[in-house]
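What follows are several structures.
What follows is subunit A paired twice: with subunit B in the first complex and subunit C in the second.
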Partner chain A sequence: MIDNLWLEDGSLMKKNKNKVTNKQLVFMIIQAQIGVGILSLPHDVALVAKQDGWISTLLAGVISQVIILIIWGLCRRFPSLSLYQILPNLLGKVLGKFITLSYALYFMVTGSLVLARYSDIIDKWILPRTPNWITMVLVLITCIYIVGAGVTSIARFYVLVSPILFLLIVLISYSLKDANFLYIFPIGGTDLQTIFKGTKEAAFSMLGFELFLFIHPFVQASGKGKLKAITTANIFVTTYYTFMVFASLVYFETNTDIALTPEPLLYMIKAYSFQVLERTDLFFLSLWLIVVATSIANWLFLSAMGFASLFKKIPYTSFLPLVAGIYLVLALLPDQERDFESFNKFLGPSHYIFIIMIPFLLLIVSLVLSKKEEVNRG
Partner chain B sequence: MKLTSLIFNKSKNKDTKQNSSQQNSQPVQEVLRTLEGNTSFFKQAFSGSDDLKINDINVRNRSGILVYLETMADKEKIQKNILKPIMEAEPNLVEDVLKSTFQKSDNLFHAQRELLNGACILLFEGSKECYMLDVSISKDRPVQEPSNEQVIQGSHEGFVENLLTNLHLIRKALKTPNLRMENLKIGDQIQSQISLVYREDLANKELIKEFKKRIAGISIDYIPSFGYLQELIEDSTWSPFPQILYTERVDRVVGHLNEGRVAVFIEGSPSCLLIPITFFAFFHSPDDYNSRWIIGSFVRSLRFLSIVIAVNLPAVYIAVIGFHFEVLPDELILPVISSIRNIPFPPLIEALVMELTIELIREAGVRLPSRIGQTIGIVGGLVIGDAVVRAGLISNTMIVVVAITAVAAYSIPASAMSDAVRFLRFILMLLASTFGFVGIAFGTMMILSHLCRLESFGTPYFSPWAPFHFKDLKDTFIRLPIWKFNSRPFDARSTTNDRQSMARGWKFNEKKQK
Partner chain C sequence: MKRKLPILLLFCILLTGCWDQHLMKNAILVQILSYDLEDNDDFLLGVSIPIIEDPSGGAQALVQSETFSAVGLTPRDSRKKIAREISGTLDTSKNKLILFGEQMAATDIYPSLDVIWRDPRNSLGATLGIVEGKAVDLLKIKPKHKTNVSEYIQDALTSAEENTIVPNETIQTLASELLDPGEDVVLPYLKSNSKKSAIVVGLALMDERKYSGNLSPQDSTLLLLLKDKIGKYARFTTKVNDEEEFDINNYISFSVQQLKRKLKVQVNDGVVSVYLNLNVKINIEEYPKGDVPEQINRLNEVLSKELTTDADRVINTLQQANCDAFGIGRRLMAFHPKTWEMQDKKDYFKNVKFTTKVKVDVISHGIVM
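The block that comes next holds the complex of A and B.
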């Protein structure tokens, strides 16, 4: 509880601006990981891995944990530098800046894809007649406001809205009363290769933990404490996703129904109603909006930080409107379901490069050159 | 007045640097040798104002003058406290009488300031010093319960417009030498006195330093009331939420002082400002602590429910009618439909008309004498409410929604917070009428995010929810039993965190013996 420390020693705000406690880090990572993918994940995974989709999701969690270890290993060597500062440090100014720029662009494209998928679902489920760009502008303004307040306030907000995740679980759990648990048999009926293919689908939804690369200098905790926090977050997200996939697998008959429902979770809760409330899915979606907004806010934050680190002495907040504008344009480009596919195809390899390859290479480079940040202790 | 303003402007810069040693930094004008000189000094200083009285007196063959402001000084007191003792004293004891009862000064500017506070000045021919005695007229309101913060049980004391009386009330309630009061002066041309009250052993020194820094940084001609002060020192003025709690209740201030917060009094205002404060303090009432804790918790959670209702209910209703009619269950659809079928307006207009009417009734009722106020309430509430429905302008369900919202909004104990809530409602209504549930979700998100970024003198405003402190939830939207309050809340940033240990020690001992 670092928050308590500064309260107790009485040192006031200035020193502690932009600090995040370890517990807040857990929620930040969770909110970054859980995003727009949650609705379509069961569909995507089940399309490939059939009734073993939940195993694929679990495996995806394991894989993310491996990547997390790599990322953490890199961050531990540079405890007070974010990736944007590590890059020029390790690779020299020119190459470093180039990769920084490509990171910023990568986050931009990823973020705008999330934005596009979000507005697609809003369009389909809640506001069919409202033009997409309006709902996008709405979410972008909200995100700019959230992100513009600085890391501490972002962290506070993410913790504050986290109970929503539990509400979503409760809503989904209720629908399990109509579940048929026989649907998941035979367990392991598909071969390993299919399961791994499903893992690939699920892994994309797990992305978001790379946020750690950029905010770890703000976290007031030891290296091990940070690893614990980020691992807790990953375990939570993996369990969360696995539960969601499992719930929809036992609810829908795998081979026929789930392929027809692009957002299985929504169809599940749409089916039941309470005494005072019908169309529970609308409430589910309204809550889900907040979860999505936090992850869009994340991408916005990361790309704005990237651009800011290219220039000296410009705060990232002044890039927010510009970056948000580009998000909007990029998100308006894909029109149809098909475009998402090609968008995804383009993004697939870049995920590997930016999330796995570059941090891994950086770790190796820093190990080989034995470059590491000098830490002044005491 | 030129002279005074010149003087105060000059002294301003020094004031900001050393507020505590204010007396030293004032300009000095030594007492003049001749009575004529002194007389003309005062006449000039007060620009010959008619209420300045300068009487000649003669005490045992020493001639002198008595200077006072007729409008500030009590003539009876002058007679009783000044003239009588001096005249009746033994000839050789006059000096002693003067020394023991009067305040001495050799600075005419000091005397001038005291005159403004209601002092009477005594000057003798050839003397280097002047004698002053406070004989001000006191026209104080009696200490009574503040009408905007009434409680059912508990103390019925409230602050008045007199600073000393207020400080007396606090001192009387907190009898500890650790209670410290600091006087500060603000205002460039006309100075007002403010008092900083805190517990020396609890209050955070950084916080007090920060407060003094902000006070020193104020440059304003005059501070007429606490609203000015509040706006000059609060963290973010671009917010509907009040970041400083003001209260007229003594017990409330005492409670906050005991948690390590700092109270600020301002001369002439019955309100006390409390810093640093959190969102949740606005929902507390001394009644919560005086009733049983289960009931107290229930009432508190009711208040939080009321803020949710007050902000969201009209918006949700508009969204349901305008966008998501399908969320209503079958049985509800018929009554709602039959109510809204023949209404000519869209739900937003309906809601706006009714909400604005309620706001108008309130605004009209507040400033009227209570008898007319009641009439307005009846005309507004019953007649308009009934008539608009009969006329088919507004639907029945909308009246229900608006009425519930109004009741909910007024159940928030602090009027500043109640105002904020009623204002936010309109924004959410607009969002709901354009985007339905999506608009409400984003509006709520904006509000929450705004609450997360607000700070009150360095304390997170939405603490203990953001940042989250599980232990401090004991006294937020619930109130756990008093014996659970072993530590002071973090948001007050008090220097000693422990408050009590084993508040019910006897119970513990009984168990141990068994």
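The block that comes next holds the complex of A and C.
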């Protein structure tokens, strides 16, 4: 066992108190990847790739698998260090701390955007008259509570709420009875370039697997076991997304109709009422909040950890209220659709930098310098 | 206690009220909307709202209905005017039906539906219908056996759905078909009968978003069978004999038990041909002349011929109305995209060559011969 060897850094709590099993890792990654984005994903993809949007989504899954391999390759060289500890280790103290801060800020902005989009959907679909800050504060309090309890509790909570994901599958499958499967033909009717453009849209919804960079030291499994877990999660999410995109494409006319509906999946659910349930979308959204909360919790956790690792001997939990406060302020900033667009434009390149470029460069640096964690197998 | 205090305080702030409450006691639920165009092109909105009278004497509450209407620029504008007229908040979230007057439907039904899709509180489960003459007049009828007009009209439509006269569609399933250039919708066609009752008189054919023709109830049933959309029952009455003195003996009534449809689209040199084959297995419900087993082959033959002629007539009407109810354009887009590119996007349906064949098989004839 490699217990507690790395603890001199002091920024993380004792490892044996924060264990995550390999199965829990699968659910953690799934919950981190699936969030608020899926409700609008079919619209975003179909705007670009039309009836071939589902191919784009599949390709996005393949691309994230490649990135996952890079991330895993880096983590395997430092099996007991999270990215926040790898950074100063590889790049020296000053540069390492600078990039750590950038990561924390990046996660903060991404998390705020998710929070803002969540509250935007609640505002549009359920509670138009309730002030947005109320819904945001409520979800942030919940997230602070979840994240404050430590990695093990987070993992357990994520496993617990995962069945909600199947509810969406059930409801969407039901609405397929009114689908027109001719809408997805001709398959591949758009050219390759268009499909790849659609992939770019879909790829943003796949984000979340970067969580692995930070929690892999807590996972009780071998390097290969971890890769299996994270790949399972990615395959699940890709299949899930592809199904959702496919269902929306056969339900809505792929040129005009889906372009008119920013949240196609909610629309599909809204159209059906059951004996005791008139507006199924309300019922669904109130459960879906939990899935969104898990992704917000996830980013809250990552940014708080980032800040904590800048200072010695302060547990990340102390940062949670402060970070959540900044989330709230940032999320209250955009109040028009145009603001979301500029928010996204700003974030677009930073996704590439933080999720692909930096881990990739770190992997190369560690290979070139042949730097690697000395594992003391006692 | 010290740690619980802030939580308690938070509860006090967050759980005391709700901004988005809609109390049922203040809501006036609209059950049917009607959209009309006045002669001077003004928009006329009609709403039918139920009025529940207190059961002061009797045991059961009596539900009556009242119809309001207002002229405005758009549906929302008219709604504002009606809202001023009644006490309470007008609530369309339980709306079940939207009726278009003939004149309104002949222009474009899509723009007036925008508000239904845009407002999250509106019900997408509502269905659409087209009324001969003015739609609001249908809301004003006084049916004898039912005091609530909206319920009455809905029941009429439900039974028409069961009898395969109108398709089972909601505003959400219609949305895609309305927007699809390669498919057109058919909607229930209603009319009021001497201000006393409402009857479903078949299907209104739409050319894209415009009303352009209609079908009789029996032809509507046949069209729905050709579209492979059978309801609970599908009944026909056809003439099969000529020689009988007593006219009633010349007719046969039957219901469709099983249905098999094949639709094939072929393209030859840019000419689109459609092969439509329909196999129906029927149960004879009424044949006063009697002795079915003896004549079974002749009946099969005569009925097949008869229904094929009817189907040809239905398709002819569709083509005249330019209503692509089969979604031939969508099939072209899907499987022959190059041909679709060459087609006239508006009038392509008129140039489609149909070859229709209906085959009838008598499989049962009730409990007498």
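The criterion applied here is as follows: the second predicted complex is superposed on the first by the 361 of 378 C-alpha atoms of A that agree within 3 Å, B and C clash if a C-alpha of one lies under 4 Å from a C-alpha of the other, contacts with A are read in each partner's own complex, and residues count from 1 in each chain.
The definition used in the following text is that a contact is a pair of C-beta atoms (placed from the backbone, for glycine too) under 8 Å apart; a residue touches a chain by one contact, two chains touch by 3 or more.
Keep in mind the model is a prediction, meaning the values are calculated, not measured.
Novice: For A:Ile146 in the superposed arrangement: first (subunit B), second (subunit C), both or neither?
Specialist: first
Novice: Check the residue A:Thr242 against both partner chains and state whether it touches subunit B (first), subunit C (second), both, or neither.
Specialist: A:Thr242 sits against neither subunit B nor subunit C.
Novice: Tell me which partner A:Glu278 touches in the superposition: subunit B (first), subunit C (second), both or neither.
Specialist: Touch status of A:Glu278: both partners.
Novice: Examine A:Leu138 and indicate which partner it touches, taking first as subunit B and second as subunit C; both and neither are also allowed.
Specialist: Both: A:Leu138 reaches subunit B and subunit C.
Novice: First (subunit B), second (subunit C), both or neither: which does A:Thr130 touch?
Specialist: both
Novice: Report for A:Tyr251: first if it touches subunit B alone, second if subunit C alone, otherwise both or neither.
Specialist: Second partner only.
Novice: Looking only at subunit A, is it subunit B or subunit C that touches more of its residues?
Specialist: If we count touched residues of subunit A for both partners, the winner is B.
Novice: Applying the document's definition of touch, where does A:Leu182 land relative to subunit B and subunit C: first, second, both, or neither?
Specialist: A:Leu182: touches subunit C, not subunit B.
Novice: Under the stated touch criterion, which partner chain does A:Tyr267 make contact with: subunit B (first), subunit C (second), both, or neither?
Specialist: second
Novice: State which residues of subunit A lie in both footprints, the one left by subunit B and the one left by subunit C.
Specialist: 126-127, 130, 134, 138, 273, 278-279
Novice: Which residues of subunit A touch subunit C in the complex?
Specialist: Residue positions touching the partner: 124-131, 134, 137-138, 141, 178, 180, 182-183, 185-186, 189, 251-253, 255-257, 260, 267-268, 270-273, 278-279.
Novice: Can you check the complex and tell me which residues of subunit C touch subunit A?
Specialist: The contact residues of subunit C facing subunit A are 10, 14, 18-20, 93-94, 117, 120, 123-125, 170, 172-173, 175-177, 179-180, 327, 330-331, 333-335, 337.
Novice: Along subunit A, where are the residues that touch subunit B in the complex?
Specialist: Spelled out, the residues of subunit A in touch with subunit B are 3-4, 7-8, 10-13, 21, 23-24, 122, 126-127, 130, 134-135, 138-139, 142, 145-146, 149-150, 153, 155-157, 159-161, 273-279, 282-283, 285-287, 289-290, 293.
Novice: Flag every residue of subunit B that touches subunit A in the complex, lowest number first.
Specialist: Going through subunit B, the ones touching subunit A are 204-207, 210, 323-324, 326-330, 332, 435-442, 445-446, 448-450, 452-453, 455, 458, 460, 462, 465-469, 490, 493, 495, 497.
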